[in-house]
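The next part holds the structures, each set out as structure tokens.
Okay, so chain A shows up in both of these, paired with chain B first and chain C after.
Coming up: the complex of A and B.
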């Protein structure tokens, strides 16, 4: 099997598709950077402006409430709440008054205090009309768990003296850029789609180049030939993605700094408690999830290539399976509770890691197990076909 | 010894072979001759399991293709033509691969030197001429050290010197006890190298022993020119 692996690897190293796919990964991940090309970095100003806007909105609400005569008990209560809210927003405005030279600890302290107040107010009354700070590129939500996440993030930033780097930052440092791209900007399904183009091309190489007869007369178990191919797929495609991500990290890092893999991401494993995941940890989990998803599609492509002789068919089959990982399919009533047992429920690796999938899930570990179990079943089916007909 | 018993093959409702039975002894060279499109390559593909044959049809040194496929293929080497070589890989890659997969004891360097391939040993296949590729194919057969070699039109694209060289190699392999089935249109070469010649006509094989007769004459007997 070693000789077969080496030969397949050598053949595949020469494929132009490797360059095309690496370029596709690079361009996808650089998309946000390209869209910000030539723009001034107004991230901090935009951030501070969001605080000021929230403060002004609360001030306006207070003025409106004061004009209500006679003030009912509910108006008085609302006025009290808004005054408290404004106090915390004023603290932020004060802390950020220095603009770009504002002390990061003071800003974090004020924003954390506001987040804590918002959490207390929401815990007390889930319907409280809080004036949420509208960060660019970040959807606002009045849910309690979101307030908990805010507190968790700002507490971490305060404790570690780190400046907040918004998701929509114009020039985020490299660590944040790469993580944000994989988490928010580039759909996991799009990344997988690029992988399946490579896989469809790779698993039909013999058919396309007319070498299948050679493979079929080899004095070795054809399942080993298939496994050698799968091994090469892992050796090449995943490192291609890794190299592309590394190239993006370097390109962004040289222009915007490297950032820290200790930067926090807030998530909720159970919908009740907020926890912090560091960028480095997120990327490690992402890599593991990506390997599991990739394993599934490697096995699927290997299986389909046994019954379909052309790249197009393998590509279409893979793409159709990929589409079953989309929200409309997994969220459909037809699947109901069964969705969590489908590998496609875990194609969205970002949602899997941060527990944000909108359909039932077995969690990160369960998702990995389902993906690998699905891959094993597909490999088993491929092995059975090869064993029965003794030909690839 | 390769034993074929009652081999029939139909492709798209067309009977290609009917009840073929023959043996190829160790240390024997058998020619396979027929006009283009008659089924020479199809027969070779059947013999190495690329096309489906009956369960008890093919036996190689006591091993049936059905049931002992890997051991059967270990004793056999067949590469249809030079187009099936891996275009982006070097000659060295091909020879090393064959040596490893067939677990051969034959050393590569002496074979490369004896066939005069030193000048392009490290070149990729797509940069080679047809004659060079034919040499690569022949080297692969030698290095496989397989007991039975099925060789499809090996002399295509060769100059007369190379044809002589190939014939010498075939005879050396025969001396080592290898069985060779060589399909060819070069009747003079067939006459110089083969012990038997299978003329493929009307879905069956006509076994003609080589007694030094004019093989072109025999060919014309089986396949007379139109209007003759």
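Coming up: the complex of A and C.
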């Protein structure tokens, strides 16, 4: 099998499709950077103005409350709460008064104090009308878990003396850029679609070049040929994705700085407690999930290519299976209970890692197991077909 | 004729069939969502009539009692008669009478505080003069009225699905109205990329070069056949979608002369639906010609289908990939690749401020001629060596 593997590898190394998908990944991941091309880096100014807007809104509320006469008990309580809120927001305004030269630790301390106050207020009364700070690109929510996440993130940033880099940052450093692109800006389904194009072209090369009938007459084990092909698929396609991501990291890093892989992302594993996941850890989990999904699609493409050796057919079959992993299909009532046992539920891996998927799932570990189990079943089926008919 | 029959036989009819089905779904499903998702809103003929009969009860009652302060009683009786006329004509589905009565009511302008009950159609944008579409409808004696037809008649609903009402802040839900066009363009990229490289793939290219007619003529003929086929597929998808909506007993076919009202540069502009459909068809056909030219040039650069299709997709979707941001804004309007957002293109909004229909059609035609010219020159250049050898 070693010789077969090396032969297939040599043949596929020179394929033009490798360049195509590397370029496709690069363009997809760099899309956000292109959209900000030529713009000034106004991230910090936008962030600080969000704080200022919240401060002004609370000041206005206080003025309106003061005008209410006679002041009932509930109005007095609301005024007291708003005054407390204003105190913390004023601290933030004071710390960010330096604009771009504001001290990171001072800003983090003030924002952390405000986040802790918001958490205490929400724990005491879940309906408290807090003035939430509207960060660009991030939806605001009054839920308790969001306050816990805020406290977790800002505590981490304060303890490690790091500057906050918001999701909608104009020129984020490379580590944050790659993570944000993979998490928010590029749909996982799109990345898998590019892989599908490569897989469809790879598994049907023999038929296209007319080598299939010759290969079938050779006295070697056809199952080994198929397994060698699957091995080459892993060797070529995944490193191409890795190289494109690395290229994006280098291009963005040379322009905007490298960033730190220890930047915190807040998530909640169970909806009650907030935890911190480091960027580096997140990228490792994402890569593992991607490898699991890729193995599933390798097995699927191998199986389909045995049945119909036309590139178009393999492409359409893979695409249809991919579409079963899209939100409208998974959310439909027909699949409600069984959805979490299907590999389709785990194609959208970004939601999986941060436990923000909109449909029931078995979690990260469970998802990987389901995907690999699905892949094994498909490989088994493919092996059976080849073994029975001894033809590729 | 034999050559034409051969070209038609060689075309990939399964791909065109899939393209037709996908395009039909893309046009029909949003339209179906529009007419079924909100059962309380006037989205079918009978529901619209009931809805307006309900909302007209209030003005009829208050004018019958002459209870509007500050208006002389003859005017109030007159207004009551017109409102009653609207209600009765709606009941009899006599839309011409409805339009006449509404026009008389609109004459009263702000003196009539109940006019808002007639403004519920979704095409009301700020700055629009509501009388203009009604004057048009009455003048041409068209048997359709904004109160009923806009959200229930088949041609109006399909025009809405194709983006006719998808512009302006008053659009009540967020939908990407350009998706049908993007699907068209994507399908065209794949079809043309395959068309110009299939000779290389099948190894018949040397045979083609020995044919006793010009190579440019050969490619032109094949491309023309495919352009006409795609154009017809689009028309067919449109007609079948309209028929599918009209087949529902509660939805009339509608009138193709019905005017879509929109505000362009502060003026209320009327676009009859047939003209809207015609512009769509023209855009699709011209994009097909443009992509044919691009594919022709790229087929001289690379013989691989995947590379050709990839280059075509990158260029056709360069606006969506934010690649156009790297080109200075003043040059961007000269590039036809940005013409894939509907309805901004048709309504001269955003980037397309100064562009009339003739403008973008002309740009696409000029670029297509340019690309075919370049392709022809490349062929001439390549065959010049053999021509020189022939002379010796």
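We adopt the following convention: the second predicted complex is superposed on the first by the 392 of 392 C-alpha atoms of A that agree within 3 Å, B and C clash if a C-alpha of one lies under 4 Å from a C-alpha of the other, contacts with A are read in each partner's own complex, and residues count from 1 in each chain.
Basically, contacts are C-beta pairs under 8 Å (C-beta built on N, C-alpha and C of every residue); 3 or more make two chains touch, one makes a residue touch a chain.
In this text the structure is predicted, and so the values were computed from the model without any measurement.
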{"item": "Which superposed partner A:193 touches (first chain B, second chain C, both, neither)", "value": "neither"}
{"item": "Contacts of A:201 with chain B and chain C, given as first, second, both or neither", "value": "second"}
{"item": "First, second, both or neither for A:278, with chain B first and chain C second", "value": "neither"}
{"item": "Which superposed partner A:11 touches (first chain B, second chain C, both, neither)", "value": "first"}
{"item": "First (chain B), second (chain C), both or neither touched by A:37", "value": "second"}
{"item": "Partner chain(s) touched by A:323 [first = chain B, second = chain C, both, neither]", "value": "neither"}
{"item": "Partner chain(s) touched by A:20 [first = chain B, second = chain C, both, neither]", "value": "second"}
{"item": "First, second, both or neither for A:369, with chain B first and chain C second", "value": "neither"}
{"item": "Chain C-contacting residues of chain A that also contact chain B", "value": "none"}
{"item": "Parts of chain A lying in touch with chain B, wherever the complex brings them together", "value": "2-4, 6-7, 10-11, 14, 209-211, 213-214, 216-221, 390-391"}
{"item": "Interface residues, chain A side, partner chain C - complex", "value": "16-17, 19-20, 23-24, 27-28, 31-32, 34-38, 197, 201, 208, 312, 316"}
{"item": "Complex contacts: residues of chain C adjacent to chain A", "value": "14-15, 18, 201, 302, 304, 306-307, 310, 314, 321-323, 325-326"}
{"item": "In the complex, chain B residues that touch chain A", "value": "45, 48-50, 69-71, 73-74, 76-80, 83-84, 86-89, 93, 96-97, 100-102"}
